[in-house]
Structure formats: structure tokens, C-alpha cells
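Structure below; questions to follow.
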Amino acid sequence: MKSNYAVLLIAIPLLVAFLQPLFSLINKRLTKWVTFLTIGFNFIYSLKLLNYVMANGAQIAIIGNWKPPFGINLYLSPFSMLFATIIYFVALIVLLVYLIDKPTEVDDRMSIATLLMVMASGAITLTGDIFNMFVFVEILSISTVILISFNNKGISFKGAFRYIVLASLGSSMLLLAIGFIYGSLGTLNLASIAYRFNLLNPVYASVIVFLFMAGIMVEAELFPFNAWVPEAYKGSKSYLNALLSGVVGTTGIYVLFRMFITIFGSGQNHIQVIGSVNFNAVIIVIGVLTTLIGEFSALSQKDIKKILAFSSMAQMGIIAVTIGVANMNSINAGIFHLINHAFSKSLLFIVAFPIINIVGSANIDKWEGLGRKNIFLAIAFAIGSFGLIGIPFFNGFWSKMMIVESVVSAGGWMYLVIGTILLSALVETFYFFRIIFKLFVDKKIESTYSVHIFIYLAILILSIIVIYIGIKPSFLATYIHKAAIDLVDKSHYISTVLGVIK
Amino acid sequence: MISNILLYTMIAAVISFALGQKLKAVRWSFSALFLGYVGFQLYGLYGQWGMVETHNIFSLGSINFSLNFGITKLGWFFAFFTTIINIMIWIFSIVKNMNEKEERGINFLWILLAGSNLAIFFSVDWITFFIAWEIMTWTSFFIITPGWKNSFKAANWYFILSMFGAYAMLVGIWWLYATPAIHTLNIASSIALLAKLSITAPGTVGIIIALFVLSFFAKSAVFPFHPWPAEAHAEAPDDFSPYLSGIMIKYGLYGILLFIVPLFIQIMKVNPNIAMVNGIPVYSYILAWFGAITAVLGTYLAIVSNDMKKLAAYSTVSNIGYAVTSMFILSSAGVTGGLFHVVNHAVFKSAIFLSLGAVKFRTHEREMHKLGGLATKMPITFLTFLLGIIAAAGIPPLNGYASKWIIYQALLSGHFPFLTTMIFLASTGAFLYLFRALHSIFLGQLPRKFNNVKEVPFLMQIPMILGILSMLGIGYAPGIVLKPIGLAVKAMGLTPMTVENTLMVGKLSSINTAVVSSTFIGAFFFAFAFYLIGKKRHHVEPLDNYTAGQDPEEFGLTPELYHFALKFYEPVKNIFRPIEEKLNIKNYYRALVRNANSFGATLSEMFKLSGAGSSMIFVLGLVVIILAGWML
Amino acid sequence: MIVLKFIGYGFTAIIIGLLFMGIGRKYTARIQRRYGPPFWQAFIDVTKLFSKQSLSHNWIMDFGILMGFAGIVGTILFMPIGPWHFFSLMNGNIVIIMYFMTIGSLGMAMGVSASGNPNSTIGISRALTLMVGYEIPFVIAVIGLIFVSKSSLLGTMVSLQSGGIMNWNIIKYPFGFIAVEMALQAMLGEKPFDVITAPSEIASGPMVELSGKMMGLAFLQHAAQIFLETGIVVNLFLGGANNIWEFFLKQFVLFILSLTVNAISPRFKFEDAVKWLWTWPTVFALIQLLIIILT
Amino acid sequence: MIQTSTKDLHDSGFEKVLNFFRKRSMWMLHYCTGCGAMELPPTMTTRWDMERFGIGPMATPRQADLLLITGYLSIKSLKRVIRTYEQMQDPKWVIGFGSCTINGGIYYDSYTVINRLSDYIPVDLTIEGCMPRPEAIMTGFQTLMDAIQKGEAVGYKKYKENYEWYKKNQDSVLGRTEPVFTSSEVKK
């Protein structure tokens, strides 16, 4: 099975995206079905690739058979394929809901935007070339802006505007960093950058890393660059938020993982201090600040979309901390938590969509008594939040245990870090239990909105996954273990891409 | 063997949830029968000490997660007596739920809770213990608030404190695992290794103990966390409060007996240069003082409370205080006394709460001054409550006295004068509020609206009668319960007290409980002989009372007005008023909650700032991050 | 045989108690320069009460009064009276005595509050709060003694004090005795602390609804209580006695001491009574305890 | 000193033995109306000391044997006296102080005062004098004690025997006083 066909994962969605206007002429609903099918194809194909890569190690897909480090190559490794598959899977589930959402006149533009977004995030995980990554980051931010301003109300424009400002700031910094790298190292291929990075003079290197981080932190919703999160999530439809947090957030964190541990880092277990700046501490402080701000501001919110937005920001912060700690257990924990978060957060967003329609508003005070009306949605919401909080036998529990273990074993001022994280986890447990309690309050709710079978299907699939990972996480553990090894093994990365250690 | 008991509990929970709304009686009787079966199985397990079952779930990085259950003497003892009491309570709730609107979820969650209750007592390693602890926390949260608005505030106080404790324990567990000298999840071996570590690194051992003690104290409502039971037990459904205050509040004590007390004993043996006071480590003496303060505070708050379930909840807090104090004396009499008091308290407190539930079932009233004179209307409930408060006050013929006597033996023989005074002050104070409850609910004038109150149905009376019998039985022959306790105490490395069926031998003196009870019965007949002299007494209406010659009807005097129950201990409140203003734990907690909310509000405002404001925050953020990079 | 001994104990307590009350009334009368009733007046009062018609509101009132009287008589068995002691094993276990006495007060409280009269319930709430008041100094002093005599049995305490006045506890631990003496004043419900049966404020407190036979039983309970409480203090501090009459004499001396205070002092306001009990006697008891701990 | 108890209802046999104790310890509930109450403290204190005979004040009717009506009785206070008398336990006696209880005394013609107390409750002994001095009270007590000993002071039995007659007299007078709250107000 030639691994070069992997480029299809990027090519086909691009092609279909440009053909969308044609399909919309034939039939408005066709565009939705086409998007769904292409992402479906992507998911199945990436699953096959994942199993192939798991079996016989990392592969490269060369485009236009220019040998790296000159041509562009895709790096297919357990780590990248795992995340590509998860992104496509989450997108598939969200599109399942998007299929049956009531048609609007901007449907074709929306399908293009979602296709581009999912393609771009999939491509970022696979690409082996830094400029290629920049291009896809650009596509990602543009399509996110379109998605955010989807139901063209005032609030979504406000969110979209804030996002554009921050995204453009971020991508310009990213471009600057790539320029510096190209100027100093003369290469754009990630592997060769990794190979030559420690030859740079440290101060110069730390400037590059800072600029690069600034670019990526917008997608990863980390502290200074996440001012856009509340408005953006409030503006867009709640199931599309699942895309925002599940897909875009995961990609952002993926890039941080890849760049900090494999490319800029020393690989084996610690990112050494680049220049006089200890980047471990930088990422940990970012993570802790994001978690603290995310959890406490969610505490005082009444709007479910804002609460879930802040909560996803906080979870990203926790995962950033595991990147900062960077010992073997913490990387495993970070990957596991990222996967768990993707599933349970998208489950929560998808469950929130029918509930908002039934209740008529996103304000949780109005949600009282929903459990009495539609028990399935209430239980699904409870499963999602249990998964996120980390109640035993739900998926978040195991990753939270590993996070605590890894951070505590790092010792020193890490106890302060784990203290803040657990304090914010306590706050998160409180406001999720407050919502769950409101669902089961003894009150009557009348509403005519009937929930479509596809939504039930999507919720069912995600709930089963959340519970299955909770009860028997061993199948996922093998994937995560292989991915962590691949992430940490820098020399293997370089040798597979560049053929031989130069 | 244990794991398939737990499996059956899961299945039973689902089956009982599946039973329809109409089959309420079937649901509750099915769960009671099921628990009876579990109790029988547990009885069969007696004696198979040390049998361990492991199920490994998965391993990632350097940790492999596995659930392993084992039977320890302490664990079996707690599991068995909690299951028996749970069966008693479920018989009570069969009838209660038949006549009242029932929340279907409660039964499902309660069976899960019973399962996690067993899992806690049978868990051998910290991961299983923590999993069972968390399941128990969230299931009990949803049972306390089955959709009732006002009980949410009450329950979430309980929930935050227990989750706070649970996270503290989580850090403690992984700290144990992360320190290279210990690096184990098994509870027993972690005690031994930790004791050895205390020689080289007393600081870390101190912090780890503090983390665990924090979590156990939060769950058992000891001093700084004592206000939550009052709200949680009062607002919980009437048949769940006996479970809450009979069993749920004992998990902290189980944790202490499982880990902290044996650890202190090991440290005393292994580590020569530990700071000792009065023959025990300083830490344990301070923690004993926490127990004593809880006892006195619980008593004071119970004296001034006017809601009957709040009163019973505060009395639970103060009884927990006795148990904690006597456990941290680390003498064999202390630990036996504490353990025995835990059992006795579970028995008489669930009897008290069952009778309060029966009163609320009939009168739907919880404020004590609105009740009164129910003794003649509900004799069995009155008798249970009377014997319950006699046991709670620790008065001889009943079981409360036996454990209090052992606690006093421990305190006095261990030369703790001020602790004994505090405990004695608390137990005499206990007599105050217990009598107040008896008077305000059962004696005094019967309000007119309760004229046609009948006794509770027979099925509800069975658990109450069982409660009476067990109180009298343990009071008469405490040996039955003290023998298994002796085994548990020996497992901790202390010599158990010499005990026959009715004789308890302590250091300072010994007591034959059978003789004490028969003296009381003999004295009663002696008094009855005097009662027979003279004319037969004639019956008089309750309102035909001395009212300084004024005819009540003309005076506009109704039984409700004539029943003195509202500000019963106003003088006590006046004496302690100045102290109460200054040092009030509840205001401290409310202030904490207010600050958290306002901190959250300001942060979320930050995201709504316009251009200038948000860019200022942005720059500030960058500066902090870059500084962190350089400085750390 | 045991039953006979039991009845013997019960009757000695009642007779001696009533005798003390009669002589006490004579003694108070003589302080007030009155002739005063004959010393067997208490016996007459009791027989008169038992001959009168009596009433009760419900069965709990009867049960309560009986339990009260039974509690106090039961406690007397645990106390060594001079050389007599009923139980060899539990000869005067101070913890049992203190808790058995609470049966007496619980029974009386329950019986009286079943009558439903607010005066009686106010009286009971005062009685219980006062009980907490005087228990503290009493317990601190007793703890001191237990530490010294290494056992909580009155029998052993008495044997330690035998042999001459010099090693009576009153001499060895004077502060403890002062504290217990003040507490005794409140235990007996004598004048400065008779807030419980304050005739002018709450119409004889708990005994409002008791008539005829019930009042008789309450009267006997009070008599037995005098005998018991003075007996405990005698065993604790005055070294018990090796013959009965010496024991009764010592009890009588204590009773007369508290009666003198009773005859000449007004009544405390209720909160002040409890506050006073928690300051003066407790201070003395604490001094005594510190002395015992430090030496 | 007018003794009004009838001879034929007197006690017999064992009751007489008990009467010795009842005589020697009479507990007194004084209904201090009018000006008679002033005479009681001297009889209690040092000079006359009624406690010699076991007579002492008691706070509640339940415990008292002796009811002293120490002066005139208005109709409203008669209602209280009747209720207190009925709350007392057998055997109980009533002593009326001064001429106001015998024939209304100086207030005989007032519309509010009742003239003859013995019409409404059985009076065992009345001590005449417009307020009898302590010596008179002491001799009164002596006579009552002798009557009790002889078993003739049986006013309480007389009250039970002809209860309707007493009730008729009482209602004839009490009918004129309206209760403070009508029964309807109380019941709601």
C-alpha cells in the first residue's frame, strides 16, 4: 500500500471544496451530503493508514517526488495518524448533525468552510514542511472565521472580528518565525530544522521559538491569545463549536506537542533551555494561567456555550502543562487527555444543540426540568460532563490520574502547579454538577421541537465511546504508547525523513 | 468473590431502575432482599482474611492501573455492620416510598452507593479506594438532591468539601507513588514504607499525612468542616438521612483507622526521634484535639438548632468527635473505644433518624416548635426515639454507654485530663439537646392539627423495633461486637482489650454491663412498689393544666401556644453569644464562596473588554510569560 | 438475698435522706430564729402525699417519675456506703455513678415535661443547663483524683485515704474539695442555685403538675439524691468511713454546710448561676489539676 | 369561728389514721385577695411560726391541701377561685378569712362582690374579724387541725355530694361575666 497516496487526504477535500458551487446548483442539500461523504472517506482512509503505520512504523509520503529536504513530504507516524483520525472522526460526527440542521441559503459556503477547515487541520498534523504548515494554518483561520460568522447575528460578527485580529497577529508572527528559520538554517523541512536547530545561537533560537509559539497559541486557545474564545463560541451554532474546540483546539495542541518535543526540543525527554529562556516553565505558566482563568470565568457564566468555551480553554491549559512537564508519563497523559477532551467536549456541544432548541435559550437557568422531558439528552449530558470532569469509569478519569501522577513526580514547585490545576478541576466539577442538577429539577417544560434521529445517533456513538474508554481503555493505551514513543524519538524522525543521519 | 458481589450490585441497580413507576414497592423490597443476600454472602466471607482479587484494567507509561479487592479484618467489620443497617433502612423506605411521590433515580443511585460502600471497605490498593470514594461522592450528591431546589445549596456544600478532600487524597496517593522510597499503591505496604521514610524525611511524611487527614476530616465533618452535615442531612430524603449520618459519615473514620492510626503506631515503633507528647506523637495529639473541638462545637450547635434533623445531624458531628479523639489516643482502649463508638453511633443514630423520618412521614413538619405531644399518638416511634436518645446520651443500660465507658477508660488511663473534660462537657451537653428533641416532638402539648395522626404502618415499625432490640442487645452484652473489633485492633499491632460477653475489663476499672442493666431493672421494680401505695391516679386532659386559675379556652390559649419549645435554650445561647459573633466558621465559608464568584466574574469581564482594555491584558500576559521563562 | 440487700440499701438511703431534710428544716428555722417543724416532719409530709389523690396526664408521666426515682436508687448501689459495698467488682465506679445519675434526671425530666405545662419545661431546661454548669468543675476535680489514685473506683480511693485525717483528700487536695463543695451546692439545688424549683418565678418549676403520689415519689427522689451526692463527696474527699454512723455523720456535716449557705443567700439569676459555676469552682478545680499534674 | 362541715359525711376507720399525717403537714395555697394576705407573713415568720405544725406555703393547687381565701371576692376572681379549687386534689380544705367571706363585710352592697363564699365553694372554716390577727389565724389552724383529726372537716366530700347545687349558684353569678375571648375566636 503505497504511502504516497496519503496526499489524497488533502487533495480530495480541496477538489470537492472547489466543486461545491456546482453541487449547490444541482441541489442545496447535496453539498451537505458531499461534505459528509468526503470527510467519511478521509476518516476511513486515515484509519487504514493508522493501522498500517502502527504495524510497520513511520512512513513518508513525498509529493511530486522531490526528495526531502528540498521537496515537501508528509510524515505519517502513529502520533500524526492518530490525531488525523480523531480529527476526521470528530468532524464526521459533527457533520452528521450538520446534515439534518435546517437548510439556510448560505449552506454551500458553510460546506466549503467546514471542508477546508477539516482538511487543513488534518494536513497540519501530517505535513513535514514548516511553510506548508503555515499555509494550512492560514486556511484553517480563514475557514474558522467563516464558520464563526455562520448565523450572521451581531454577536457572531463581534466574535469573528476578534478572531480575525488575533489570528492575523498570530500568523504574521508565525511567518516571521519561518522567515528567521529559513534565513538562518536555509531549510524549510521540519526534519532538517530539527537536525540543525541546536547549531543556532541560543538567543536567536529563543526568539524563533517565542514567535512560533505566538502563532500557534491562537488555535490552541492558550492564555494571551484566547480573547476570541467566549464571543466566537457564543456566536456560532453549538454543534459547530464542537468543530472549533474538538478540531481546531486539538490541532493547535498537536502542533505544540510536535514542535516542542520533536523539533525544537532535545527529544528524549526534556526541552533543554533554549538560550537563557526555560521554555518548560513558559508553557507550564501559560497552561496554569489558562486553566485558572478558564475555570473561574466559567463559574460565573450562565450561558452554556460560554461555559463550555471556557471549560475547553481550561482543558487545553491542563494539556499545555503536561507538555511543559515533558516526562514520559506526562506526554502519555497529555495525549490521552487530548483525545478524551475531544470526545467528551464534542459530545457536550452536540447534546447542547437539541437542548437549546427544546428549551429555547442557552441560559442554564432555563434548563430546569429538562431531564423530566427528555431523559436521554439529560443522561447524555451527564455522561459527557462526567467524562470531562474525570469521574471513575468515564474516560477523563484515567487521563486525569496520569496527569496528577506525572506532575507530582516532577517535584519542586510542581506541587503549586498541581494545586492550582486541582483547584480549578474542583471548580469545574462544581459548575458541571450544577448544570446536571438543573437538568433533573422537578419542573415541567413544554416545547414542540422534536429531536432528529441523526442527533440521537451522533450522541449515542460519542457516549458509547466515552464510556467504553472509561471501562476498557487498554485498546487506546497501545495507540497512545506508540504515539508517545514516536513523538519523543527525535533521531528516528530525522532518519526516516532524511533517509540517513547527515 | 467480592468482585462478583459488586457486579451483582450493578446488575441489581439496573434491574431496579427498569421496574416501572407503579412497581415502587417491588423495587424497594427487591433491593432490600438483594442486600439481604449480599449480607449473607459477607457473613460467609468471615475468616478468609488476606484473600485478594486483582483485575488489571490497562497500563500506560510507567503505571499499570488495576482494581484489587481483599478482605481485611477492619474492612470486613465495617462492611458487615453497614450492610445490616442499610437493610434496616431499606425496609423503612419500602413503605415511605409507597405512600409518597418517589424519585425513581434514588433507588438506582442508592444501590450503586451500597456497592461503592462495599468497594471502599474491601479495597486493598489506593486506586480502587479512590475510585470507590469518588463513585460514593457523586452518587450520594444526586440522592441528596433528587431534583428538589432547596436541597441543592445544602448538598453542594457537602459535595465541594468531599471533592476537595478527594483531590487532596489524589495528590497524596500519587505523591506516595512518585516518591522513589515508597513507589507502591498497596495500602498496607505504603504504611510500612512511609513509617521508615519518616526517619529520613519527616517533612514529606508530615505533608502526605496532612493531605490524607484533610480528605478524611472533610468527609467525616471534623472541626474545620463541621457545618455541612446539618444542611445535607436535613435536606436529604427522609429515608436517606439515616444512611447519610449512620454510615456515610463513617468513611472518613474508616480511612483514619485504615491508614493514619496504623501509620502513627508504626512510626512510634520504628522512629525513635519523633516528637512525643504524653506518650503519643505530637501530630496525633493535635488531631485528637480536633476531635474534641468537633465534639464540643457539634454539641453547642445542636443545642441552639430548632430543626429536628439538623439537631440529629449536629449530634452525629459531635459523636464523630468522640470517635476521632479516642482513636488518636493510639492506645488499644482508645482505638477499640473509637471503633465500638462508630458501630454504636451507627445503630442508635439510624434508630433516631428512622423515628424522625416516621414523624415527618406523618406530620410533614420539621420545625420542632410546630410539633409536640406525639408520644401518645405514635408509641413505637416514641419508644425508639426515647431509647435512641438514652443510647446517644450514653446512659448505662443501652449501647451508647458501653463505648463511652471504653473511651473514658482510654482517656483517663492515658493521662489526658483536658481532653477528658472536653469530651465530658460534650456528652453532658448532648444530654441537653437530646432531651430537648424528645420534649419538643413527643412530649408537651399536642397541636390540634395532629389530633388524628396515626402510628406509622407496621412495615415501617420493623426497622425501628430492630433498632431497639440491637441497642438493648449490644448494651446488655457488648462482647458480641467487641470480639471482631478485637481482631481488627490486633491487626493494627495493639493488644486488644480482654472482653467476655458481658464483662469489659479496662485499665482503671472493669464493668459488667449485664449487672448494670439488671440493677436498673431492679431499681425500677423498687420504685414501682412505691408507686402502688395509695389511691389509683386518675387521668386528666392535657389542657387541664395549672394556668394560675385562668380557664385556657377563655384566655384564648391553644395547645400550640401552650407548648414551650421555640427558644428552649435561650440562656445557653446568651452565654455563648459574644464568642459566637467573633468566631463563626459558616461566615468564613460564605465569604470564600463570594470571593470565588467575584474573582470569576472579573476574569470573564476581561474577555468582554474593548480594544484598549484587551490589548493591555494581552501585553501584560506576554510580559508575565516571558518573565516566567527567564526567572524560573 | 441480693433482693433483701437491695431493699435494705434503698430504705437506708430514703430514711437517712428524709432525716437529713427534717433536721435541715429545723436547722434553717433555728437560723431564722423560728421554732421550726419536728425533725421527722419529712416523714409526715411523705405519708401525707402518698395518702392524697393524684393525677397524671398520660402513661409517660408515670413512667418518667418512676424512672427518675429508680435511676437515683440504682446509683446508690454503686456507691460504697461506709464499709458496705453492693458490688465487689464495680465498687463505686465514678463514671457509672455519674452516668447512672443522669437516668434519674432524665426520668424526672421526661415525666414532668409529659405534663405539658410550660413552667415545668422551663424548669427542666434550666435544670439541664445547670447540670452542664456544675458537671465541669466536678469532673475536673474528679479527674485529678483519678490520676492520683490510678483507678476510677471509689472503693480504692477510700482505701487510699484510710488511716487518720492527715491523708484525707480534703487535706491533700484542698482546692479540689472547694470546687466540689461549690458544685455540690448546685447539685443539691440549694438556695444560690435553686433556679430549677424557683417558687416565685416558675411556680416550683418541674413539680408544677405533680400531685399526691407523684409528688411523693419526687420527694423521695430528692431525699435519695441528697444522700447520694453527699455520699459521693464523702467518699471522694472525706475518706469514706469504716462504720456506718461515721459515714452518716460526715454526710450530715456536708449537708449542714450547704444548708447554712442556703439559708442566708438569695437566688442567682439563671445565666449568672451558670457563668458563676464556670468561673470560680472551675478555676479552683483547674488549679488543683495543675498541682496534681506538675507534682 | 364557725365550722360549717356537716357531721354525717365524716371520715372513718383508716382515713382517721391518715388524718393525723394530713393534719401535721398541711400545705397551704393562699389566694391573696383583699387585705387578709398581710396577716400571713407574720404567722409564717419568727413570732408565730406556722411551720411548727408543718403548715407551709405551696405554689400550685396540685400540691396544696389548704386554700385560704383572705378577703372579698369579686365575681371575676370567683371564677379563678372555683377553677383553682377544682384543680386541687382530695382531701382539700378551704379557710375563709375575715367577714368579707362570711357576709360580704363592708362591701356587702357592692354589685361586683359575692356575699357568702360558702354558697359557691364549701368553706370548712371561716375566721371572723376584719382581717383576723395572726393569733386568730393560729387558733383557726388549731381548730381545723382538730376537726381534721376528728374527721369532721369534709367540705370536699360535701362539694362532691351536692355538686349541682354549687354549680347552680356559681352559674347564677358567673353568667354575668363575659369570657375574654368568645369560644368561636379561640377555636379558629
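The first chain written gets the first letter, and so on, giving A, B, C and D; residue counts start at 1 in each chain.
Just so it is clear, a contact is a pair of C-beta atoms (placed from the backbone, for glycine too) under 8 Å apart; a residue touches a chain by one contact, two chains touch by 3 or more.
Predicted model, so just to flag it, every value in this text is computed and none were measured.
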C-D or B-C, whichever has more C-beta pairs in contact: B-C
Centre-most chain [mean C-alpha coordinates]: B
Euclidean distance of C-alpha centroids - chain B vs chain C, Å: 36
CA centroid of chain A to CA centroid of chain C, Å: 79
Mean-CA-position distance for chain D and chain A (Å): 98
Chain C residues counted as touching two or more neighbouring chains: 51-55, 203, 208-209, 212
Chain B, residues touching no fewer than two other chains: 546, 548
Pairs of chains, among all present, that meet the touch criterion: A-B, B-C, B-D, C-D
Contact footprint of chain B on chain D as seen in their complex: 60-62, 79-81, 83-84, 87, 179-181, 183, 185-186
Touching residues (chain side chain B, partner chain C) in the complex: 373, 375-376, 382, 386, 390, 393-396, 401, 404-405, 408, 412, 415, 417, 420-421, 424-425, 428-429, 431-432, 435-436, 438-439, 443-445, 508-512, 515-516, 519-520, 522-524, 526-528, 530-531, 533-535, 537-543, 545-546, 548, 559, 562-565, 568-569, 571-572, 574-575
Residues of chain B defined as touching chain A within the complex: 57-63, 65, 105, 127, 130-131, 134-135, 138, 141-142, 145-149, 152, 156, 159-160, 163-164, 167, 170-171, 174-175, 177-178, 596-597, 599-601, 603-604, 606-608, 614, 617-618, 621-622, 624-626, 628-632
Interfacial residue positions of chain D with respect to chain C in the complex: 18, 21-22, 24-25, 45-46, 49, 51-54, 57-60, 62-63, 65, 89-91
Residues of chain C defined as touching chain D within the complex: 25, 29, 32-37, 41, 44-45, 47-48, 51-55, 199, 203-204, 207-212, 215
